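To start, the structure under review is shown below, and the notes come after it.
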């Protein structure tokens, strides 16, 4: 019996009682709210499974199944997997053979570029935020504010000098170039976010450790870092989401070989001499959603654990 | 705080690796000579090497004197400087010139671009008009996101079965690419094919068109934007909410403190910092709102934003200098606003 | 170092480094020549690449590679513009809208090809076999001068897409005859003979609510008579409105008359106002999305393919999808004709229309070795044999011997409307101020389309803006 409840708990299906456990009543309310909130995404995912001629049918088709007759037939479509195939290979010219679209490469590029640059930003940014938090420089707030200003202008303002610079140093169209750019792009948020987490920590424990003879490095790695895992997870997720979907830099600074999915996705917005290819766009987006969705899901535990050591400054 | 060894002053001419003053001096001289004497491409590399030299001297200096702050911050500053601050300075410089990126000529005009974008009767009107619209979008989208995000966070603050699985559903909207969600919102709002008009037509018996007037168009854009980014606010608030120590609530329960007071005295202090961060970042992003406008209305029905206007000026029409001037006017406004936030936040935190 | 000197040094450095790199590249590749090309991602360019890979054998014996960067249409201008203006010097060939010529020629990016034409009589002959209207539109700057720049990649005109199943239905025919005293157009020839007044009648006649009878059956959904572009984006109303204005005796600002030609008084002439009023009057017979200002060329095409309208005026470039049963619910029920015209006082039809399609051009940093191969490639591309294959694969050709060949009309159902319409194509605004002119005009037209402003005010505003802008630019005295 206890095994079963342990298992349920692990699956998130049940929780031990306590002051902060709201029980199934809350689940019901939140489930309804979440479902409504999720609906527009669900419609995109469903569109990915629609046959092409059902994409724009009137009335809009809403479900792949009639749910045992619950949903009238006119709102039901017959699901197909064909669209996912056409993301990677489809006919590009009238009467031609299916050709590879290069999307395998685009997905690979997106994964490499986003993950490397977000991790890099996380490392550099966390160090910096720790510095800003624990060893304030002269004019600390000014530095922080200048860092923030780098996020304030639309990308279009800085793009021309960046293109030029990339051309001069030969970074145009390379992985390194776009990764460095995204790293910078993520730094402002990473630093501000992580600094607010470091600021929340009580310094008592750290000072005690120093008195015991711990080195600064040890204080950082053994004492501070473990307390901000939630912050790291949150920052990583936000950074990943923003980078994953970044469009303008990717459009202008990647080459044929380093192009990312958000740029290539527009193939489906104006597709092969017509307007939006709804089912294709939906399938690209659905596939493109999976990696960030999974990462977020697995980091969720950390996101919600909060500050674990209970040494929060009050 | 660590104890710092007081720096021993070094002689200006000592060829030591940490003599950053000498490094600057050498760097500036080398730069000047290079720009005057060498061809531009070579000069570019000399300048680069000089900059690296100065940076290295700074780092060695910081390391030898145990300026941990400087050392920790240096890599971030370096990356930001090269990739962001330098291009920003470049465009700031351009805003004082008459320059179009598709023409070869360049001419110094001082503040004329700023005068033009703020007062010229042809150019300024569109700018002010776009700025006012932007202000409206900032107010609507940010407040909608803060309210919805906060309410969602409250819903998820407690433990309940299936919480993990429901939370990820709510987080998904912000993972979508803006292009895909924007394009699909045009579909949801479409008067012929869309679900919204389908439902409304059946309810009212009349053709419903959401986007044919300003109110509808603004509502459509705000809804899509708020829907996408409320989860961002929610996640930040939630991170604050779960970090409130439980014993505080238990103590409050014993003292029979009202729920309202509990919120203000216990919960709010924990989420204030994160709320402020969310507000700050959402405001900055809202000022840059352009993609959704382009996808949903193309700026029609009086929904032009400054960021979209800027894309037209700086990119489509290649009026680089004018665009730079507009963007710095915009930057000035965002800075004033964010400073106001930070000032209020600091004052309140000192007040409590 | 001040920002200014830094900037200057940097810009020169960029230019210098660029020269070095390109120079080096050409030296290294005497045997193997790579031509890079920026193209929008759609069938006409995919076909070009396919033909090249499968069939092209350079006469020089060199190995020639065509490196094509397929850029999605919605971002094509942004990408190309940023690449050109930043001095990236990445592409040798660029597919360009005809109206971008001025800006990019003045910027020093597009290469004049007169010397290449003069050096190669074959090339000149091929070039001169292009119909003069597309040639002027796609290749000349200043417009209609003797300075040549581009070659047709995909030439395009507006045609009338129509639903034969509905138009030819007996009952509809009878009712239409009774109501308007005229035969409801049903065949291609009858479509060709339509005036805008006939088009309006079709629009009015086919407005049906869900459940009303339509071609002998109750309509499954609301049905609308007509559609044409009336969107705020890019040029998605100007390209249609220009045709109206020219047909009804008005004019747009004429760049070939610069600096004598005026905008004020011409752009907002009473004829132009009447033409715009006529254009606006028909929006009531279109699907409701037209009222939101987002009825662009893609939306009207989508509505047509989904079977919501009886007639749609759109570019041939979008036609392929309407014939494909996978993407079109009306694929087997179509008839195509010329865009409606206006009956002149002499009883002859006036058919002016704004040309569409794109040329491709050479860039100025293309090296001599590359240019030699590029010219051979262009000659091959414009050769009748390849142009026939292109047309058979869904392209269009502006080469006289090709489109006059009786085979040509058999390739696609709209090809019958192609040759006669070529004679009536005009183009606007090759000037560098193109995007400013366009943006302001589209904004103003949008106000009129969404009912916020009348035709007179709209054209007055446009004329005033153009007069100011072009005066400042020295294009109006």
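The letters A, B and C name the chains in turn, as written, and every chain counts its residues from 1.
Just so we're on the same page, a residue touches a chain if its C-beta (ideal position, glycine included) is under 8 Å from a C-beta of that chain, and two chains touch if they have at least 3 such contacts.
Fair warning: this is a prediction, and the values are worked out from it, not measured in the lab.
Contact counts per chain pair peak at A-B.
Look at the CA centroids: the one farthest from the centroid of chain A belongs to C. Rounded to whole angstrom units, the spacing between the C-alpha centres of chain A and chain C is 39.
Note: centroid distance chain A to chain B, computed from Cα atoms, is 17 Å. With touch defined as above, residues shared between interfaces to two or more other chains in chain C number as follows: 10, 13, 17, 78, 82, 85-86, 221, 306. The residues of chain A that reach two or more other chains are 56, 58, 159-161, 165, 168, 265-266, 269, 276, listed in rising order. Contact with two or more other chains is made by residues 41, 44, 90, 101, 192-193, 315 of chain B. Only residues 1-2, 41, 44, 67-73, 75-77, 79-80, 82-88, 90-91, 101, 152, 155-181, 183-185, 187-188, 192-195, 198, 227, 232, 235-236, 238-239, 242-243, 245-246, 249-250, 253, 269-270, 273-274, 277, 280-281, 284, 287-288, 290-291, 307, 310-311, 314-315, 320, 323-324, 327, 330-331, 334-335, 338-339, 342 of chain B touch chain A when the two sit together in their complex.
Considering their complex, residues 10-11, 13-14, 17-18, 41-44, 46-47, 50, 67, 69, 72-75, 78-79, 82-83, 85-90, 220-221, 296, 298-299, 301-302, 305-306, 317-321, 324, 326-327, 329, 393-394 of chain C touch chain A. Interface residues of chain A facing chain B in the complex, by the touch rule stated above, are 12-15, 18-27, 29-31, 33-35, 37-38, 40-41, 43-44, 47, 56, 58-60, 62, 124-125, 127-128, 130-132, 134-137, 143, 145-154, 156-162, 165, 168, 180-181, 183-185, 187-189, 191-193, 196, 199-200, 210, 216, 230-231, 234, 237-238, 241, 244-245, 247, 261-262, 265-266, 269, 276, 278, 281-282, 284-285, 288-289, 292-293, 296-297, 300-301, 303-307, 310, 312, 314. Touching chain C in their complex are the following residues of chain A: 52-53, 56, 58, 92-96, 99, 159-161, 163-165, 167-168, 172, 251-252, 255-256, 263-267, 269-270, 272-277. Within the complex formed with chain B, the chain C residues making contact are 1, 3-7, 9-10, 12-13, 15-17, 20, 77-78, 81-82, 84-86, 103-104, 106-109, 221-222, 231-233, 287-289, 291-294, 303, 306, 308, 432, 435-436, 439, 443, 446, 450, 465, 468.
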